[in-house]
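Multiple structures follow.
After this come two complexes, each holding subunit A, first together with subunit B and then together with subunit C.
The block that comes next holds the complex of A and B.
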């Protein structure tokens, strides 16, 4: 576990850790994508997002029990999760817009309560044991010289950039995407332009929640999960979104890979049990040193 | 000193005297075993509210401060043999330093980052404890607490009285903060941070002070816990329900004054203690979570404001 011998000897450990880190980072970026939209673009502090990802993973798990392929299950889940997101946004906006504008701290508390309720409902219906999916293509490993890549990591890591790329193209190339990026900045200008800000936000929240089911499929392919696994992702996803500069999706991919590599290095050279703290340490340092994010303009 | 302050201190003194006398009157130790938990939550809710209620900065990591207090006090007691009051004091100082550190790193930006950072605090502290064998690691370790002194009939009663003293100290501190210049400044921060800063309120220093005081009370609440359970393990020391109750109790009672957290804690903790006999811990969390959502959604001022509104309506 600990590299006792000379560090030179372990070049293959280093290469494997780097590659594992890049692949892990790609999966983390998928987890953070929904938050990059809700928190990064819409400025809604949706701390329930990691829990929604876990809910997505359980959705995929349920269908996989009936023999459905996890990736196909994630595609099936897109519509129900989009609708779930729309419902969540309606609940959120009905509560707070009546009072004239959302108070950040009240919305944080609301999403905190929601995430607990979702976790408990998952625990009550699935039990607290670890759950995983098994498909023929994620059992073995790909070997290239000294490099060993398990397929259960490679497949999700390739799935993630496809989803991230699709969402990024949608946000940057379509009119609706432009409106989503505009809505948090200039709500009034948007309504003058003849668009309904509320329905744009609702749509964006729906998309963000729909990404949770794909991220959940990726997560449950990488390793087993339980209803409370979301807690370990909160530090990671917020580190990614905040340090990427609030809503910069290419930036979030870069930060996610940096975090993935750091965690992989810590677990191969130090001890795997230290790795949950890595993202949080990076987040705190980042907030202290460069609060506007590494890829964001100063605000 | 105003008339209200004198009344308050007399009330605290009466409660403390009762706390020393009750164990000799009520013979069943079970009441004190249960009462300990209720008082522990009074302390936690009060400590949380110094920052969360007065300044409006939400701390999701109350369990982190609590757990830090649990582990520090147990460590000092078992390895160095420090007396209990010093263990509690050391835990409070450690909690204050932890609060200052968290605040210094995140409070210069918006409150939302502070809240997010506290979410990670529990995971990090739990990770650290898992990796230190001297603290028992993941499996935990047994702790043999101090013997009860002559003035207490049994260990449950002794723990109860100790917790009562901590709770009384916490409530007194919270009330002092509320009525002093600190509270006025924090309320200004809560109403509008920019306006407060422009009017010359030292917002950052006030927030750091609130962080430190809040952290100290939260850690002190955890300090006697290992002696109460005679065992400490990461899962219970950093338990989810502590972080949840710390937020839910003040929000239910009302966050504007020291009465709210005390009221919310007495109410919610008593219900939980009665209910633990019949329902599982999962259902307990579900119940608190739903109550929390209901209050955030429909009664953001808590019970204190609900009653206040009714009174005003009755008068007009």
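The block that comes next holds the complex of A and C.
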């Protein structure tokens, strides 16, 4: 009888950690989706993506102040963020691609700078305090036996696979999707097809940026954010995209969930301060076993 | 008369000039060979026609249905939409997608996408091998099969003129025969206008009505198939850039 208490407690912790991990992983996958397109498919190291997600979160926050539901706000933000992505791509390609291509270091520097500019603009407009959204479902939890799932985690976690599924269907089932997947592999194949590679890339970058506003909505529902919150996500999202295998979007969902579960287990059983390192530990291990990424095609 | 005119074209890469004052003509329904040894400018000329290499001087005129367009300032995808297509050196297929997706990609530009289904079945009719392998990933096929796919793909954009860059390069001799047979079959079936660059001139002249010899970046000689039989020595000399006797 005496021994049962701690065992029950640890099963309780384990189950909750697993479920929280799955849900958190799903949100990470939403954050990584844009990068899976820009970096994984187009090979543009868009280090500013997590900051764009934060910008998306602030967009959602602003509309939420007017009483708009965060998910609805994210849908409203799709077109403006698509256009923002198109503008960013034009800026990037003007600077680099027309002069015969950018090297990775130059692109990284550009997107790092862009990321700083966006962060500072956000800090100037919104201040640097933590911001959150208040919706009726955010304070409460779903209880299933020993399991407690807060709605603020459940709803974003359900939103993410819907968005990822929609993007994946678009990329794998439409001709424009095929063109997007082809453009980094063989740009000339697009020209030969009578398609403009530059406009395909611009469109893809627009879609990637549009996903940032949905990811931003998910993130601000999970917890409060401030203009510099994106920095904590950079390592994790790159780890997800690289480990999934460049360009494998379903793979990135799986990896994000693996990372989410591992982080939840590490913070429950070891120490929460270890959890930021988990993604990299998994990345190093994964790449040692399969250098092309777990879901990437062998080359 | 429908035709493509290359008029005093010069081109190069940076400071290196590759083509000097090249002029040639391609009439509707003709198959013309562009012969020359490696490094004499054949690929540069074809890439210039498609807009992948910019001309430094001269014009490329597409005269079709009473309209005349200069192609030298257009981008490759615009040239393709006007009705030129290319089977490029190295094929340039998208390696990681299926045969069918490679064809569909080429058939998806706004000018031709309404006819995608017809174009796809035309390709599969013409090359039944591709129908059998339509779900196969392009890079897993043999070189000859990939070459057939590249040829089929060039048809998906509904071209008036197909430009083929060294279809035999890197292929085993027996496969070269198959590929050239496929090109000839295509020409016979569709009456397609074709400009084909080749190194192996005896094989090329068998399927062409005329040939130009390109050496050192300029046209050394033009001859018709009927002359091909009697002029071996001249052809050899011209291909090596030798003096032309009249």
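The definition used in the following text is that the second predicted complex is superposed on the first by the 284 of 299 C-alpha atoms of A that agree within 3 Å, B and C clash if a C-alpha of one lies under 4 Å from a C-alpha of the other, contacts with A are read in each partner's own complex, and residues count from 1 in each chain.
Assume a contact is a pair of C-beta atoms (placed from the backbone, for glycine too) under 8 Å apart; a residue touches a chain by one contact, two chains touch by 3 or more.
What you are looking at is a predicted structure, and each value in this text was computed from that prediction instead of being measured.
When both complexes are superposed on subunit A, subunit B and subunit C end up sitting side by side without clashing. In the superposition on chain A, A:284 makes contact with subunit B only, while subunit C stays out of contact range. Applying the stated contact rule after C-alpha superposition, one finds that A:186 touches subunit C and leaves subunit B untouched. Once the two complexes are overlaid on the shared chain, A:87 sits clear of subunit B and of subunit C alike. Applying the stated contact rule after C-alpha superposition, one finds that A:104 touches subunit B and leaves subunit C untouched.
By the document's definition of touching, of the two partners only subunit C reaches A:194; subunit B does not. Here the vertex is the CA centre of subunit A, and the angle it makes with the centres of subunit B and subunit C is 90 degrees, a multiple of 10. Of the two partner chains placed by superposition, A:254 touches none, neither subunit B nor subunit C.
By the touch criterion stated above, A:22 is placed in contact with neither subunit B nor subunit C.
In the superposition on chain A, contact is made by A:120 with subunit B only, not with subunit C. Between subunit B and subunit C in the chain A overlay, the least Cα distance found is 19 Å. The touching residues of subunit A, when paired with subunit B in their complex, are 45, 47, 95, 99, 104-106, 108-110, 112-114, 116-117, 120-121, 123-124, 228, 231-232, 234-235, 238, 242, 271, 273-274, 276-277, 279-281, 283-284, 287-288, 291.
Partner subunit C is touched in their complex by these residues of subunit A: 175-176, 178-179, 181-182, 185-186, 188-197, 297. Listed in rising order, the residues of subunit B touching subunit A in the complex are 56-58, 60, 104-106, 108-113, 115-117, 119-121, 123-124, 127-128, 130-131, 240, 244, 247, 251, 282-283, 285-286, 288-290, 292-293, 296-297, 300.
Put simply, subunit C touches subunit A in their complex at residues 50-52, 75-77, 80-81, 85-86, 88, 92-97, 101-102, 104-109, 111-113, 153-154, 156-157.
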